[in-house]
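Shared between the two complexes below is chain A, which has chain B as its partner in the first and chain C in the second.
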Partner chain A sequence: MKAGFRQSMAWVHTWGGLLVGWVLFFMFLTGTLGYFDTEIDRWMKPELPVAHASLADTVLAAQQRLEQQAPVAERWFISPPTNRDAPNLRIFWQMLPAEEGGRGKRGNEILDSQTALPVTARASGGGQTLYQMHYALHYLPINFAYWLVGICSMFMLVAIITGIIIHKKIFKDFFTFRPRKGQRSWLDMHNVLSVVALPFHIMITYSGLIFFAFTYMPLIVASSYGLGEDGERAFFDELFAEEHKLDRANIPAPMASLTEMVRIAEKTWGEGQLRYLDISHPNDAHARVAIGSQLNSPLRASGKLVFDGVSGKLLANQAPTTSVPRAVRDTLLGLHEGLFAGPILRWLYFFSGLLGTAMIATGMILWTVKRSPQQLKQANGPDFGFRLVESLNLGTIVGLPIGIAVYFWANRLLPITMETRAAWEVHTLFLAWLAAMLYPLMLSKVRAKTASTQTRLNFTAWIHESWAAAAAFALLPVINALTTDRHLLNSLPAGDWVFAGFDLTVLAVGLLFAYLALKLQARVQKHSRLAEFANRSTRFAATEEVMP
Partner chain B sequence: MARSAQPSHNLNRYRRKIALRVLAAVFGGYALANVVAIILSFLLPMSTSNAVMTSLLLSFAIYTAAVLWVFSVKSVHKAWLGLVVPSVVLGALAALIKLMEMAG
Partner chain C sequence: MMLLAFAFLYSGFTSICLAKSRHWQQVFPAQTLMVAAPIRKALQITGWLQLLLGAACCVQAQGFATGSVLLWGLVSTAALLLIMLLPYAPRFAAGFAVAAPPLSALVNVAL
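Right after this comes the complex of A and B.
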């Protein structure tokens, strides 16, 4: 549509990227925090005990509680604290449906594995709420949110591919950075951030779409299995077929020992390699117990040992996956979530996510930097669209981090007994973000007529918000020290890496924002000195002219 | 964009063309991706559930390719034709396969 193929692709890249950039920034940042969702959960519920009962005792405790809460159930699920994403014993149950074809009531609890009683901790959204926002957003009807996220992900995918196409010298540009060259530097930075983690960007975007493929592409399933939920269920039953599963017998029967099954599982896979117990029709003659193994590779599926729940006999040792297309899907999802990643790979995931977030941010800043010389020359100031993009950029790139820091502050400062505590944690995030969005607009209300004051106001807003973000993050360890005893002076000597890691990370983020603020201040000072100099020399020139 | 230099009716024409192309990319691309994936799911030599899963995995790549193509061709007409014709032909073919399956 433009003169050449590359120009057309550049047009798509620029405008497609700009349109959804702010949502993508939100998705990338909250999603990146998701790589430490469990650690954030633990920081936000500091009173949760550390589990240290034996696995056999843990499973017994879970079973005891489930017998109390849901003796006649369709399903029990026990997730013992055997891996990073399960720091505490967690149980889940689903009751029998009240009527035929319905869905039974569900419940879940975190248990103390010694007392078999639920542990009490402050109400908090934790890392899970932050992480869930990256695909479910917030305040929006869930299906609408999924579609919005899907559309933005498609834009992202198109932006990545067009970005590669318009990028002639991918290898050379990777080693190119020209600092302090205005637009050129922003472009270089955008390129480096994009190329250095390109495989991650492609993987994360494509696999993100695959998570909701059934929602986004319902017709492909419907063409073979029929429309609606029935068709979808038929497809799932076939693709994720579970052998050895029976319908309920409706004859009560006592369960065989779960600890014996756990022992067999540990003997098969090794100690600590057991991820969950999934019990269908507990206390029924057709009870089945499936024990799943840990995820030690990107393949997001567990190997399973299936036991007869009444006789305790081992019925099958199932491989994690049954078909190649399913394995491809499970691997894409596994790569996206990174549940298998150990500490080093997890940090690599985290930094890759931050690179993606920064790639989006630099792309959006580049859009304004490229247009600002022409915009600032306009007689009646920059266009509304330009000012809007500038404000949204600042309001999101610095404003969302401020919101996230405030979310952590709220976790420590809201009254423990407050009924809507968890909800208000999230409200404070969005209120702070909103304030950060409105702040630059408010500053430009007092807006001066000249372009140079406009630029200065814009810089002032960036500097103010960067200092706000710096304070909000750097003071978090202090707030933590004032409200808990798991602060750096205790957590570091004790080797409490979840708390020390969180505090040190937010401290580093705070320092980074302080550095940004100082950099921006230095630039403004340099510019105003230059302007003053220019002013004086024109005055000097003017006086010369009047001289005879 | 050198739009300030253009008279306003040119600007409107430009906007209309962009809008038509975006619509073609978003909706036409979606339709084509679905139809191609459905045909694939019928023809791939594997079990139904595996063929459907494979097509689902590929559908987003097909969609992306269609979007890029829409923005790379010279005229909007060509972009629309290039999406509508294969969508209709492949759609008819898919319906035919389905009918034959149901009959035999």
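Right after this comes the complex of A and C.
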């Protein structure tokens, strides 16, 4: 019975994992890049100046611009450049709704904090687009994408749990990796990658599901608030209720000094600890200003100081969290996003994400490695299904990184004035990825179908694509040097770590792919030497038999 | 402090690892015998103590909330480094475990 249970868990792990593996690989890789979303944003918009005005001037500049853009608004939001996530001053506004019950027009801008004018940069999806793809995918209706991502994440959670069940020697083999042993090595590697970062894998998958809990389980809200949009709205209004917020008075009133409120906030929390200003009903008698603090721990909620926007009086000093369930949710979401992480912890997050990505990749490869001896023995060559999985594996494991590199290339090479520039950056990513998936299928379609050529072709496709990825990544610093002046020769001496870090990282990734290509080439050479030797000895044996 | 945490974690994993005969032989191939029981016990205890020290350093460096997240990140990195070194450079893997904590303590004092 016990063996039967393990076997059925193994079945679920294998086939469930295979079914959604490619989507999960995409989610893990783009999500991992999300830990450096802002840094990628900055690399992709090299024109953006580095902000260095004082906080008071910054807030004044923001207010000045908001007065111009949206004097009669429902809400203003100011993000001064006080943390990694906000490298430039950003303002957001929402106008009054045109009709009762509707939603007002929204707008946002990145400002120069000295001139209070919007800064212009090339149109680019930046790191945000890459990051958003990991939960919203692309080209798909948003709700469909959320559900697809949810189903895949659920499969991931199932794969993790079944994986723990079927890994019999999880403690005994904790330190075991046996290289150069074919399938054994792949399994060892898959186990090692899964086990050493198991807490991360569980946390990231589970908290990922929590993000969309209200989408995936609407009936729980509906049971108390009623079905439909009205119930949903009532629930969210209550959940995100702000105690001190009032309805609009519709009596114009001048705002109290924001800089004075900022001063009080900095006195309360310390310098640089202010994350945002959220102003409701600006220039109205019922104006309220909420100032939020930085996120310094996994709890993804800011402490808040609430001011009367007209008198400037401090009304409340709110703790980041008010209820335990809410704190649990905020902590899970905070752990997932890692906004609180400083440079070292951020790299560890990034690295853990890569481990998850590699765990999925090794699992997918293991599926083919396990089946290839039997598949290659077949007279007509491997089944279509097997070849499809092999192609999708290569096309995704090496192909998606190629696509991402091409996305960065497009950012530098597409004409700055191009109308649909940002959209085309993303199109190039998916076109390159598609090409990388079709390439191995084409290669095996064009050429012979026997088993041994099949293996060789598969290796050839891996080698070609690895070289392509190596070139695509390693040349990015060169492209950057040809198109901007923030290249390594400038960024390193200037200590411009966002640019230097990006260039050095892609260079390292390029070298890794080149190493992979060289390794694979060496292996093919060894194999063909062995095959030749085997060939010769069979021929030799055959002649011997004929001899009397 | 984080460097020291990493050193303790790496060293702790190595001790626990060496308490297993398979890995003991990897590092000391000349001694074909199993690792002796008292040594094994000592290695296990030292290992777990070092892991605890590593955890303490993380909390010391970043507080409990952020420190515990940091701890898991360093645990993954330290364990993976050891596992990848073992088959290719077993002696170095073990030597590094001995040298890492005092070296990083020195760095910690120097900085």
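Here, the second predicted complex is superposed on the first by the 544 of 548 C-alpha atoms of A that agree within 3 Å, B and C clash if a C-alpha of one lies under 4 Å from a C-alpha of the other, contacts with A are read in each partner's own complex, and residues count from 1 in each chain.
One rule holds for everything that comes next: a residue touches a chain if its C-beta (ideal position, glycine included) is under 8 Å from a C-beta of that chain, and two chains touch if they have at least 3 such contacts.
Just so we're clear, the structure is a prediction, and the values are computed from it rather than from any experiment.
Peer 1: Is this a clash or a fit when chain B and chain C both end up on chain A?
Peer 2: fit
Peer 1: Touching A:504 in the superposition: chain B (first), chain C (second), both, neither?
Peer 2: Neither partner.
Peer 1: With the two complexes superposed on chain A, say which partner A:344 touches: chain B (first), chain C (second), both, or neither.
Peer 2: second
Peer 1: With the two structures laid over each other on chain A, which partner does A:12 touch: chain B (first), chain C (second), both, or neither?
Peer 2: In the superposition, A:12 touches chain B alone.
Peer 1: Anyone got the angle at chain A's C-alpha centre between chain B and chain C, nearest 10 degrees?
Peer 2: Reported to the nearest 10, the angle reads 90 degrees.
Peer 1: Of the two partner chains, chain B (first) and chain C (second), which one does A:238 touch, if any: first, second, both, or neither?
Peer 2: Only chain B is touched by A:238; chain C is not.
Peer 1: Contact-wise, after the overlay, does A:326 reach chain B, chain C, both or neither (first, second, both, neither)?
Peer 2: first
Peer 1: Name the contact category of A:178: first (chain B only), second (chain C only), both, or neither.
Peer 2: second
Peer 1: Tell me which partner A:285 touches in the superposition: chain B (first), chain C (second), both or neither.
Peer 2: neither
Peer 1: Looking at A:296, would you say it contacts chain B, chain C, both, or neither? Reply first, second, both or neither.
Peer 2: Touch status of A:296: second partner only.
Peer 1: Give me, in Å and rounded to a whole number, the least C-alpha distance separating chain B from chain C in the superposition.
Peer 2: It comes out at 20 Å between the closest C-alpha atoms.
Peer 1: Just to be sure I follow: which residues of chain A are touched by chain B in one complex and then by chain C in the other one?
Peer 2: The overlap between the chain B and chain C interfaces on chain A is empty, containing no residue.
Peer 1: Which residues, counting only chain A, touch chain B once they are in their complex?
Peer 2: So the residues of chain A touching chain B come out as 1, 5, 8-9, 11-12, 154, 157-158, 161-162, 165, 206, 209-210, 213-214, 217, 219-221, 223-225, 235, 238-239, 323-326, 328-329, 332.
Peer 1: Would you tell me which residues of chain C are touching chain A in their complex?
Peer 2: Contacts found on chain C: 2, 13, 17, 20, 22-23, 62-63, 65-66, 69-70, 72-77, 79-80, 82-84, 86-88.
Peer 1: Applying the document's contact rule, which stretches of chain A touch chain C when the two form their complex?
Peer 2: The touching residues are 172, 174-179, 192-193, 196-197, 199-200, 296-299, 335, 338, 340-341, 344-345, 348-349, 351-352, 355.
Peer 1: Under the touch definition given earlier, write down the residues of chain B that touch chain A in their complex.
Peer 2: 17, 21, 33-34, 37-38, 41-42, 46-57, 59-61, 63-64, 67-68, 71-74, 76, 94, 98
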